[in-house]
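First subunit A sits with subunit B, and in the next complex the same chain sits with subunit C.
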Partner chain A sequence: MKRRMLIILVLLICLNAGCWDLREVEDLGYVMAMAIDSGPQGKIRLIAQVPNPRVLGGGQRGGITPGASIAAKPYRNYEGTGSTIFDALREISRESSRRLFFAQNRTLIFSEAMAEKGVGGVLDFLKRSVEIRHGLTMVFVARGDPAKILDIPNPHATVPALRIDDIVRWRGQTSRFAPVPLSRFLETLSLEGQEPYAGVIEAAFNPAAQVREGEKAALEPPLTLRLTGAALFRNDRMVGFLDETETRGLLWVLNEVKGGQIVFPCPGQEGKKATIEILRANAKIEPEITEDGIIMTVKIREEGNLVEVEGPLDTSKPEVIKELDRLHAAAIGNEVMAAVYKAQELGSDAFGFGEAFRRKFPREWKKIKRDWPEIFPGIEVRVQVVAHIRRMGMTGKPPFLAP
Partner chain B sequence: MGEVGPMREEGKISAYQAMVYQVSIVLATAILFVPAITAKHAKQDAWISVIIACFFGSLQVYTAVSLARRFPDASVVQYAPLILGKVPGKVVGFVYLFYFFYVGYFVLQEFSALMCSSYMPRTPPIVFMLVLSLLAVYAAYGGLEVICRMSSIVLTVVLATMVLVVLLIIKDIKIWRFLPALENGLGPILLGAIPPGGWFGETAVLLMLYPFIDNKEKVVKTSFLAILILFIAMEMVVIGAVGLVGPTEAACFLFPTFNMARLIKLEALPILERQDALFMMIWVAGMLIKLTTFFFAGVLGLAQWLNVKDYRPLILPSMAIMMALAVQAWENIAELFAFSGEVFPLTIIFVNFIITIFLLITAGIRHISTRKA
Partner chain C sequence: MRKRVVKKLHHLIRNYAYKAAGKNTGPDDMDWIHQAVVEKYDLERIPIEADLATNIKRLKGISGYCPDFIIRQFEIGGGIGEAAAIFLEGMVERVLLNENLLKPLMIHYRPFKPARGSFLDQILSVALPVDVVKKCVNLHEVIDHVLEGSVVLLVDGESEGLALEAAGFKTRVPEEPMTEAVVRGSREGFTEALHTNITLLRRRLKTPNLVLESMVLGRISHTQVVVGYVRGLAAPELVAEVRERLKRIDIDGILESNYLEELLRDHPLSPFPQAITTERPDRVAANLLEGRVAILTENTPFVLIVPGELVAHMQSPEDFYHHFILGVFIRLLRWCAFAVSLLLPSVYVAVTTFHQEMIPIRLLLNIVAAREGVPFPAVVEALVMEIAFEILREAGVRLPRAVGQAVSIVGALVIGEAAVMAGVVSPLMVIVVALTGISSFLSPSFDLAISIRILRFPMMFLAGLLGLFGVATGMLAVLIHLAGLRSVGLPYLAGLTPFHHDDWKDLFIRAPLWMMRRRPAELSENNRKRQASGLKPEPPDRHPQGGTI
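Presenting the complex of A and B:
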């Protein structure tokens, strides 16, 4: 009797798995990237990129050439328009054979127009939705039509969303673009003394696509995907862009520089350059109140490896390294100041100077927080960089300097 | 007045098993809601609120132990009439046992709220309530010893998983999110300490368990140990949630601990990301022991209040009433949350602290005690 009960119970487990919310993997369309654009008449235009597992798994090189048939494409970009984002989403579902599923989405792109109009309304949906993962979704602003950007072919990572994801993964190679997780974007939006920023994504001319003489046509796609710079926001509205140098200036202050190259003039010979690869960096903002107003001191410590010297420098001498330390510290300082000037011009405190001030002087902050947007462009920012070259590769001297 | 003494054999538990019971009765809901509710008032100082709440909780549990020690062979429902006289005593006894049902149906609602909001939106909430309450009913039939042993196992797993989740996010916790300390003075911190203080006070369930405890001399120690375990668990989730997304965001999310588990990000080991399922496991298991402990205490109290020899016939009718109360109680999640932040803590503090201390003082003045000298 007991055994029979047990068997029945075990069988019941098989029958009752999943309840009402059962969803089979085969029925889901995994959205890998979504782009949000503002459409005509205040509507929202949404693009959702869903990979096509049949083509991806079949090992075909789909989508290399722009003219390839749609069946060979390893992804499909669904596009829909609606009054709200959820409305647009459900419009798309009328085209899709699978239920669109957003938990795997890692890329969120706002068009420039959308970002300028304000993303607050859209963010509410993303915050409410249980499928969107705030920690894994990276926020970008697109320069140009996001639909075009999400349709740029590439032979390696054939789905553009995966390609973006991989490029983000290797962001420490340059630290010249600023992807930000949605969770951080939302947090900075909620802070009084810090404004959000986002990465910038664009479709750039592909230099490898040039038609050379004697060749019929290029097999390379004419455009390539490019992650570049940062977009600064004031509240939920984008106010402008930082270029790549300025972006790294911002990232230094935010402690987000994970690596990258610093090129600076090499002493000893005019026009020659030296290059450092950044190993690690650490920054701290120290606010002060003086009679002349608020002064922010950004203290940066950086360590790097020397990877290239063009000039005739005997790098085996410690005093030469000291000189290079000083020079590349100055280069870092210049990047930070360029970012600060640009951000002050745009009126967006993406650095969190206001937050640093609040943390150190909570009482004074209460008095000035309302006026912070007006105060921020006028504050004095100082940068102190301590930079160290730790190692220099496998050679002690440039080749032409050998005795 | 009938004679006061233990009911039909309910088994004996050790002081440590009582501690497990005390921890189980608080843990599950507290860890899910404490960050949002305390951060709402105390902002980045939520962790200080939890410390204050811990002291308040210790005071409550000490009051409860002091009262229980005067009546080593009976539960509060049984000796309240001895202290206050028949009718007022019965009223107080009913308040106590209703409190257990009251939190019980609140737990049912909270459970279905999270399950429907985040995991299974299409499943009717009644299904979650039914499944959980049937399990609780089954456990209640097993009796006190069974519940204690089940809780020990579940609690070990739950606490270990919680530690794992916190370890996975520890690298993303930023100290500067807790600065500046005491930005708005002590007031908001105290306000933020009230709800967790109420939760800590739920350990006063000892008033029901005391007659069944074997080694009564250890109860003070184990009760404080229970408070300590709860304190560590609450601090972990408060520091985790606030240190990960900042106080404003932590206060904004309905289930910040759930969000915390979702924010695990490890580029080196992506297999450990996306721990929602793990969190769901802790949550369901934790809610089960929470409901069971409350429900059992309630049914036991009801049987004692009615002077019935065995509580078992009361199990199914009680659960039916609890389910009905749970279904009709809150219309939407906004009501549920407003209630759990503002009304709920005060009511449980009233039962666990105000009534208990009132009973203790009255018993002290009237020199009522059944303890053998």
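Presenting the complex of A and C:
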């Protein structure tokens, strides 16, 4: 009897408590990219990109061609305006047949205006929401209208959000833009000795879209999507941009360079250039307190492959290699210094020099941390680069080199 | 004690009833025997009379004048004495009966002078070239031997009969087992004939320590059941326990070994099999070598092996017939398939309806696209498809072979193609169900596959209700249940836990033979070493003296 009651109770629990969280896959709208812009009258404008699985899903349904009917468009950008971000989100639900679902969102774009105004208020929602995944979401600042950027067609990745995701995945090809996960962004925001940074996304002119005379209208869209450089923040406000060289300078110090190319003058040959492909790199910040003030020494070790030399160069000679090592180390040092100067000018310690200082001199840090924004632009930064070329490629001596 | 009293009472009442009906209850009134149920204790009270005619009359009455119950009356040696051969047609070997019994007695028999012993002894010693002969003194023994396929010889003037073993009924020859086919290995399978099965086993274990204990179970079926084990390997307590449990069985008929399994299980309500069933003599032999006990049942090719814990159900004899690397691979594959067949549909349902964030976006979009327009929730879809699959599978087993093919084609087309085209189910669900179904066939034990098949449904139900939390709860429940199970006293998870280093060599992997030096720890505590050490083959120049056991 007792047993029977137990079974009945368990069944009751199952049947009454069950299914409350149930949502079928096809009932959800998977937001893959979100853009937050500041609208008129202090309102917030929100753009959410939701893919259309009917077009995207594999199988026999086949691909699409740009410019086809609305039904065949692989994504839909919902736009909502509200007083707060959640308000704007719920506005969108009035036109979306599916419940918006944010756990698959991987791109978060702030418009330039929004970033300059300060993102702190908006970030609170992103921190509180259970659906937003901080490790998955990459933070960007858009140059130009984010709605436009999120609507640039591309034949390979049919959804702009997926395209951005793929570009981020191959960031090691250049290391010239700085995507940052939301988790890292929030972490640096909370640190006293480090300021946040974000990647920059822009709609660039698409050279392939030019229509030459006598040709029919190009199938290429006039704009193309591009990730470039970095945006520096001071607290939650954006203070300026780094160009691509400076961005890599920042990434060297942050240990975020996963690869890329370094172009530098070819030794002993006027106007000729050599190119290195970065294999791996490692950086360390060593703070020092001297009578002249604080000195930060950035020590970078880098290894690369020689991939291109314009002038005739006998790479079988050790002294040539040494010279190449020296020159490309100098190129790396220049990148870092460019970034440091720019950051000092903008007053944003995205490198985490303050953090490095706190770790080494915690007591002294307590004294200066209030003044760090004023101290940072004046500190001296030294760069020591040890660079090595590991492989020369397939060619030996160039044939036109005199013996 | 109670039984005996009841029996006696029963007998008294019956005698009283006959008397009341004005009938004579003496053994010579054959009418009542013919009409009444023949009980063993009735027959035991009727001795073999010296008068042959009386015996024959009684036997005819007992047999109920069955057409196959033959009583062949003849004269010994042309008038020396009257005799009758009693046997069941079809149960005895005709040639043996004619050549070794009738011919020597009827034609060649010459009386011996001076006579030694009784007439029966004389006949036995000079005229009956039959190997196994037993004497019987009452009608129960006569009937018993006849039913087993012996020929009983009754001679006029003798109050004893001779039972000559001449069983020669038609049996199937050993064929390749249908349920446990192998690529490499013995192609012999057990048959319905017990003596053939014993021979198959003996041929594999040629040792006097292979003990076969026979008992007869089933009040009406009188099924012979043989308990086999290797003395010195099987724990005596285990053998005693099996014997005890078998003796407890008191049932009218044992038609298949599952009758025994169900009656000797430790946990009758558990869906998990608690004995290994196999048609393969090599599998039985291998298990006997591990210290297990086999139970052979007459009239079925399926032999029970106890204890049958979980790990033993995942081991196939073929694992040891191929290179051990393949064995390792197949073992791992099998455990994976085990998990897949239990969990795949429920995990699919849980993840797609509760945890969409767990699926990589591109796969997720594919799933969404596939489910677009499907009118049912994923749980319902999964349950319907799984049931449809089970229907097809069951139909495939029952259908006549010629029709089976057609049905499976139609089934596959209807379920796989048309249902997807009609948008009733998503193509992904078809993949999930098919994968699940196929995976369940990887299990070397059909019984275990059945229990997994059945457990899949509550798992799906839980997944539909509570998502992965439900699946985890279900798995936990199954694990707790497994941990509490025993198979003839052996913990069901033996081999997995408690941890024995050597046992793990034959668990998720199949280690090379030269590494598996010990028998399963929980089974053969007293005799663990199964091979000499240092058996690993090595080039001769590096080979040491060789180990000792």
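Assume the second predicted complex is superposed on the first by the 368 of 403 C-alpha atoms of A that agree within 3 Å, B and C clash if a C-alpha of one lies under 4 Å from a C-alpha of the other, contacts with A are read in each partner's own complex, and residues count from 1 in each chain.
Note that in this section contacts are C-beta pairs under 8 Å (C-beta built on N, C-alpha and C of every residue); 3 or more make two chains touch, one makes a residue touch a chain.
Keep in mind the model is a prediction, meaning the values are calculated, not measured.
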Subunit B versus subunit C as contact partner of A:Met32, first or second or both or neither: second
Which superposed partner A:Asn334 touches (first subunit B, second subunit C, both, neither): neither
Which of subunit B and subunit C A:Arg169 touches, first, second, both or neither: first
Dominant contact partner of subunit A by residue count, subunit C or subunit B: C
Contacts of A:Phe101 with subunit B and subunit C, given as first, second, both or neither: second
First (subunit B), second (subunit C), both or neither touched by A:Arg133: both
Which superposed partner A:Glu24 touches (first subunit B, second subunit C, both, neither): second
Set intersection of subunit A contacts, subunit C complex versus subunit B complex: 19, 21, 133
Complex interface listing, subunit C residues touching subunit A: 352-354, 356-357, 361-362, 364-374, 377-378, 427, 462, 464-467
Subunit B-touching residues of subunit A, taken from the complex the two chains share: 19-21, 130, 133-136, 169, 181, 183, 186-187, 190-191, 358-360, 362
Partner subunit A, residues of subunit B touching it in the complex: 117-124, 127, 176, 179-180, 183, 244-246, 248-249, 252, 259, 262-265, 267, 273-274
Complex interface listing, subunit A residues touching subunit C: 14-15, 17-19, 21-26, 28, 30, 32, 51, 53-54, 56-59, 61, 101, 103-104, 106, 131, 133, 162
